[in-house]
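In the part that follows, the structures are each spelled out as structure tokens.
Two complexes come next, and they have one chain in common, chain A, joined by chain B in the first and chain C in the second.
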Partner chain A sequence: MTASNAIEKPPINLGATLKEAGIAALIALALALPLAGFRLPDGGGSAFTTRPWWVVVAVVVVFVGRMAFALWRHNRSISHGAGIFDRILSALAPYSRIIFIGFFALVALLPLMPFADRRMVDLGTLVMIYIMLGWGLNIVVGLAGLLDLGYVAFYAVGAYSYTLLAVNFGLSFWQCLPLAGLFAGLFGVLLGFPVLRLRGDYLAIVTLGFGEMVRIILINWSDLTGGSEGITAIPGPSLMGLKFTPTPGAGETAFHQFFSIPFAGIHKLIFLYYIILALALVTHLFSVRIRRLPVGRAWEALREDETACRSLGLNPVLIKLSAFGIGAVLAGFAGSFFATRQGFINPSSFTFIESAIILAIVVLGGMGSQVGVICAALVLILLPELARDFAEFRMLLFGGVMVAIMVWRPRGLLVTRDPSVMLHGFDLPVAGTTQVVPKNSGTNPLLQIEHLTMRFGGLTAIDDLSFAARAGDITAVIGPNGAGKTTVFNCITGFYRPDVGRMCMDHDGGVFLLERMEGYQISATARVARTFQNIRLFPRMTVLENLMVAQHGKLMRASWYSFAGLLGLSRFKNAEARAVADAKIWLERLDLVDVADTEAGTLSYGVQRKIEIGRAMCTRPRLLCLDEPAAGLNPNETQALNKILTDIRDQTGIGILLIEHDMAMVMDISDHIIVLDHGARIADGTPDEIRKNPAVIRAYLGEEDGGHS
Partner chain B sequence: MEYFSQQLINGLTLGSIYGLIAIGYTMVYGIIGMINFAHGEIYMIGAFIAMIVFAILGFVGIASVPMAVLIVLIVTVLFTGAYGWTVERLAYRPLRGSFRLAPLISAIGMSIFLQNYVQLIQGARVKAMEPMISGGFVLMERGGFQVTLSYLQIMIMGLTVILMVGFSQLIGRTVLGRAQRACEQDQTMAALLGINVDKIISLTFILGAGLAAVAGVMNTLYYGVIDFYIGFLVGLKAFTAAVLGGIGSLPGAMLGGVIIGLVEAFWSAYFTAEYKDVAAFSILVLVLIFRPTGLLGRPEVEKV
Partner chain C sequence: MSQPLLSVNGVQSFYGPIQALNGVDLEIREGEIVTLIGANGAGKSTLLMTICGNPRARAGKIMFDGMDITNHATHEIARLGIAHVPEGRRIFAHMTVLENLLIGATPTDGTNIEADSQDVFELFPILEERKNQRGGTLSGGEQQMLAIGRALMSRPRLLLLDEPSLGLAPLVVRDIFKAIQDINKSRAMTVFLVEQNAYHGLGLADRAYVMANGEIQMTGTGKELLSNENVRAAYLEGGHSVR
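Now for the complex of A and B:
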């Protein structure tokens, strides 16, 4: 046996490659012939010019490029493993701290270096504005997954807020800065509130529309905004009352006078540089910290799966609104800085292209990555500024880069994601708890369903269904395919609104009419948790993070809606430790401790099913609804699942509502079975009663004379 | 009354152009569920190609106006279709199965790219053309105010109606249309039944681009003035039209286009022209909030 395990590489099919390249060249000809081959005269007239060489060059370039691409792909196709880019990244990873400190020192000292001139300081300032905007948009797009194409509108609101306050009321930059952020944030919440329910791509278009509307209003509301001329003579910032001007007004002291140095224009630029550096640093620290708070985790969870979020009691609109609002506040800060730096503003600074540039920075850098934004801003802002001859190709490059990145690395250049919380290494001072519900002694069942009816068009999926489920019982809903079982679940958990019927949850927390509640409230207040037939985890979050998202409401209250968390108060830290401890109980029971810090999406099907049950239990439900939990499991796994479910029932005393096709399992663990057929209840009783029920046998096996009654 | 009638005619003409572009949005959305953000630029490219071909025909010396318009229509549709195909092949096809915002971001990139590409090769300044088709009927006249229906307007509306009927037949009656509707509902199943899904999607883009090209020709004839930036606003309004009519629905796109065209014409006439774009966007926002399925769209039921 030879040591070589390399697969013989087949020779490249030259004929086919030539043919492909030929076709590509033909298409290039079609693209280039009219549009590049002829140039229309500016203004009017019919004296067009012809440019045959442009067409020839385009065709040749495409032909050669297509050939080269085919050859490259052929040579690459055998080699496996990470690409060159990933290898560079992982080689740099151990030195990331040194690189970071070195980079920061360079940035902090840049204006003081002997070689730093006006242009360099000014460019640094410009890049940092975009870094700050990128970080702000990163919260909205990268973390919360809301594609905001009108981000520049908030930038504009910040800039005009500062300008109008400073010019009309004489407020200083430092007084205006928080106000500008506040206005931009309010504006974001006002705009966001009606539209954040929309699906991702609709939201993108609506925000784009908002961005354009703001610009049109700025142009046309001349009395306030100065129209397309804009506003000039905006006061610059001052350092504790010291102005950066050669000739200070009466009673004012200028910076150079105070320090008895000759006036130099660069002082102001350096001062501006440090202001934006400080603003950017604050933004960075804020972003890093908030990502690890419950609200940051909720943003990411929402990006991964909104439906699952609702089933865990998260209010999607509120969470999106917080991301939208915070992004707007940061843009407002950046906007007021922009206005004071420029000294003048007009609507042409706030076009869609500006939004697109900021988006390109976020997308190129890697959505959700702080460092990625820095790299992308350096490349995208600095490069065209340095290569002035190249400036007219700048936007062409932006567009091309956005497409190329999506095709080549859709998650961006830097895609590594640090989990917001890790089980391994977490110092747990407390032991976790699970809820224990006292054995149901009362007369009221936990869930009482009466006359539930649900129609889809002409189809009656559920027909006048009534049943009850008790705490401490496993209640199974069975029936042939299409009997309406999942529809019943979707009604109970608020995904559908039934046409008729009452669904009443009754436990010591109160009495809840589920048909009147929003989906997320059913989990958050009525305490009904569910799993999904086709698993819905947050795939790019770790198992522990999945379980932490389920404890969102509790953690939000403990962190005073993020304030205590941002300040790092012990109040939040303790609550977080308790939540991790509670999650750990379920990780232990479900045998998931080893994979706690692994991305959920990478785990096997059976493990994912268990995670979903654990996640649902972390919401501390009174009723756990399981939609075919045994589907796709092998007999051993089903056995283990039986044990898990009976343990949950016996140890916590909550009610379990189960849809399942695996009859052996249903008969094994159920206390009470409801049989559905064509949306109606045909039997109701203990497993033994159901087994003997002739109507059930008929529904499952059919009648000899055919057809259902 | 006269003023109203004139604005009605102008609005219907404008609406025809929007409607033709909106069909491209609606078909692409129907089949791959993405907003083809670059579609407005395809229309802009169509307008440029049309003007270039008109200029060439003038140079060659084709004097017959109907002949020239026919040639321009065919040539423009073909060349613009090539752009539609290329955009799909390069920017969207590699992203099938990627995360949900990826195609949209790619489309935005494509749109920026195409805009600047045209700006670079044709220059940023406005291009203009002498009107080719003039004259028309005077429908009403009172107090010196004439209500005219120009031949050009008749041509635009007539061509739109013909294309609309033809397209409905194409989608509703032919093998291609059936394959396309099948891909809309379930691409995997369609592929299992032997339909080349990639080919159908490519064809959808080519057809959409072809209609946008016709709209571009109409724009060139009607206004006679174009620049590299016209695709952005018109594209946004056509998308609004598609959403208003119910995205995925062909008659809806046409209806939405006509409504947007009328709103714009009347808004400019009776309120302020400066805010006519705000009016169009407001419609988009209101429709999406209160009736996201549009006027003729089918509701989407969330599957869990």
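Now for the complex of A and C:
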């Protein structure tokens, strides 16, 4: 067919657009009339002046603006490809390092420029405080996906820690800084421990409450904190013992005396500017680096899918606590800097609106984006300050810019995500390995399930089920939908705790009792891996990253729980290279090398299924539980999968437990089949025995399918 | 039958940053069952989603009953009479079966809800038994029936089915395909079916298309494609006897 592919532009519906603009203008009228139309005299009294023209202007602006917006959007829906902003960004991407260094040099030199006055330096300092806070919160919200509405609490803890230590014990700023970070971090962990079981909205409400609690405690514990008056006369920082004061005390040397220059107030401001610049730079380097470490990947994986994380042996509580704690430490640093800059603090600096602004910086910048935070902080902090010239229109302008950004880039200013590790371009010095389980010498089965029973309310999903799976075997579990197959998997992998029964996983002669282990231990310690019926990948991470998350435990140990990684020691680099090499083996076997650096969520269903199997194998399991791996595959693809599974069985010697409805596949590759119906075992045997079993044909296969396959 | 009910003309579409459709042409006439088969990643699901306006086609034209719907919003397309049963069913797990069905009736004026839900219960009697149960507690096969029933509640003229046999036991697969045939025959519903289970999918199709790499590779009646050597080799046999 040779259809003309040029898109015909449908005409814009003028009537509907006019109506829409009219409604917007009416709303503007209703708002502008009381807000802008009447003006009470400044000195009080009941006489007021009217400003009809203001209302007219507001209504006309809204009407015309709405029309223009509709036209713009109409034209945009036809346009192809990436927007101009995205194109500029991708054009700049190769020079990002130069741009970063250039930007940093500019920021570093700013206070030394002849045009830099007090206000500019002060403003720069303020913006950098928020950038630092934004980066801290970015770890919690953007990476780990934990919505924290009380972030300002840690900022407050940092500020008060510094203040109290400095005022009461005379410690200097540099002594207090790490302590303040430590206290804030401890607070984060203490708060996190009980509440991190919660997710999403619930976590947000609890953290919101925590933020308010801290503020109220600060107000009411007046013996310690000075109540709502706060604490004044906080000592400023010193440069190697040099103070920034016109009149140094006895035995002290002031900055201007040491350098024999006249005293100027701006010296202190410039010094503060450099302190926060250094702090922000350290925060930046730290964040960039930790995002590429196993712990950073684990944060993102947790944001994407907590259930999958547990199935890969990640302990969600520890990972969340580390994100919460590190975010709090950074807020603590920023807080103690805030205190020393202000010279006084009181609880009114730590209200909910501060948390909201920091969160807005993270969201507006594009969750998880380092540079996005800088852009958003510039817009959110600088704009209201610069717009002071517009007097009473300041906030109107600010609101307008906010609305425009959200219309223009609803997911934030910068939403591109750099993968933490890339296969292409990764220099692999070593060849990967896979596990090989020695042939089961003893008589013990790999997994022995005895009298397993699981009830949900009145419904008995599994009823006194016993069976065994051997190493080096593919054991299939089949049965009608709703027979309890997936429930068996959920019991084995620790997602459900069975009411009755024992599940013994063989382990070098001993056994692990799976029913007594936490979900993540079953993968990490007992080495049972699983896939999911409805595919649980980390969709916004690349295929390789998915496989790297599966090797979390080993990489964490190799990186000394991140310290070796942060320092860039070769110990960690070698371990990471080995992990990539191991992952590459599975990428090659599953024919995924080409898509290794593609976001997993953009790939098709069948490819995602393969990724899930590769990810499970990267945990080096002794038992692999596959929940309908062939669903959504056509016969050719199923056959390729059969080959993969039999290869895994024959080459690694691990046991495979398989739930599947594709009978051709089950009959072809299984060594042993167990048939469930209504939670009980109705048959157990080799494929040939099962095919002929009348009970199985009745409940599951159907008459005509039983005979040939 | 002068003009097709749905015609897709040179449609290109992107899934994220990846071009999934490279100019697809096909048409579906009133009363037909048309099946689309193809390997994973060929763009089958993306085509169904593009017909529903999410994502919108970047190029080409989609006509439904003589109207250009290429740039319509998804909810408008649903109102025009195209119902989509998505891959993986996507039922509302925390709402009851009946509530799921009632939501399905949103695009209608609401006067036929009683009769329509009775029709669905007739087609899938198990749903009536479970009507006050939450959707998430249903078995896979029942959820698929609910997803189809929910789509039927919108009184569509064209039913788009994305892999209805996914993850279902053999007996249930047969029930579902029987129901699809029944919907087509007794209710004169036009059906566009995307299926991996090519044997079943082609078996009940009046006409079928084969898709690869975002393009239509082949077309013919269901029977023609079932007996076509290339199709058999690529999508049916895979080393197995056909079930």
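Just so it is clear, the second predicted complex is superposed on the first by the 604 of 709 C-alpha atoms of A that agree within 3 Å, B and C clash if a C-alpha of one lies under 4 Å from a C-alpha of the other, contacts with A are read in each partner's own complex, and residues count from 1 in each chain.
Simple rule for what comes next: contacts are C-beta pairs under 8 Å (C-beta built on N, C-alpha and C of every residue); 3 or more make two chains touch, one makes a residue touch a chain.
Because the structure is a prediction, the values reported are computed rather than measured.
When the shared chain is aligned, chain B comes close enough to touch A:F38, but chain C does not.
Looking at the shared chain after the overlay, A:V407 reaches chain B, while chain C stays out of its contact range.
In the superposed model, A:T638 makes contact with chain C only, not with chain B.
Once chain A of one complex is fitted onto chain A of the other, the partner contacts of A:A108 are absent, as it touches neither chain B nor chain C.
Applying the stated contact rule after C-alpha superposition, one finds that A:D668 touches chain C and leaves chain B untouched. Applying the stated contact rule after C-alpha superposition, one finds that A:I353 touches chain B and leaves chain C untouched. Between chain B and chain C, the partner in contact with more residues of chain A is B.
Taken together, the two complexes place residues 533 of chain A in contact with chain B and also with chain C. Residues of chain A touching chain B in their complex: 27, 30-31, 33-36, 38-44, 46, 48, 54, 141, 145, 147, 149, 194-195, 197-202, 204-206, 208-210, 212-213, 216-217, 219-220, 307, 352-353, 356, 359-360, 363, 392-393, 395-396, 398-403, 406-407, 410-411, 456, 486, 490, 495, 532-533, 536.
Those residues of chain B lying in contact with chain A across their complex are 34-35, 45, 48-49, 51-53, 55-56, 58-59, 75, 78-79, 82-83, 85-86, 90-91, 94-95, 98-106, 108-118, 120-123, 125-130, 232, 236, 239-240, 243, 272, 274-275, 277-278, 281-282, 284-285, 288-289, 292, 301-302, 304.
Across the complex, chain C meets chain A through its residues 9-10, 12, 15-18, 23, 25, 37, 39-42, 45, 56, 58-61, 68, 70-71, 87-88, 138-142, 163, 166-174, 196-198, 234-241, 243. Residues 1, 3-5, 7-8, 10, 77-78, 80-81, 479-482, 533-534, 598-599, 601-607, 628, 631-639, 661, 663-665, 668, 700-702, 705, 708-709 of chain A are the ones touching chain C in the complex.
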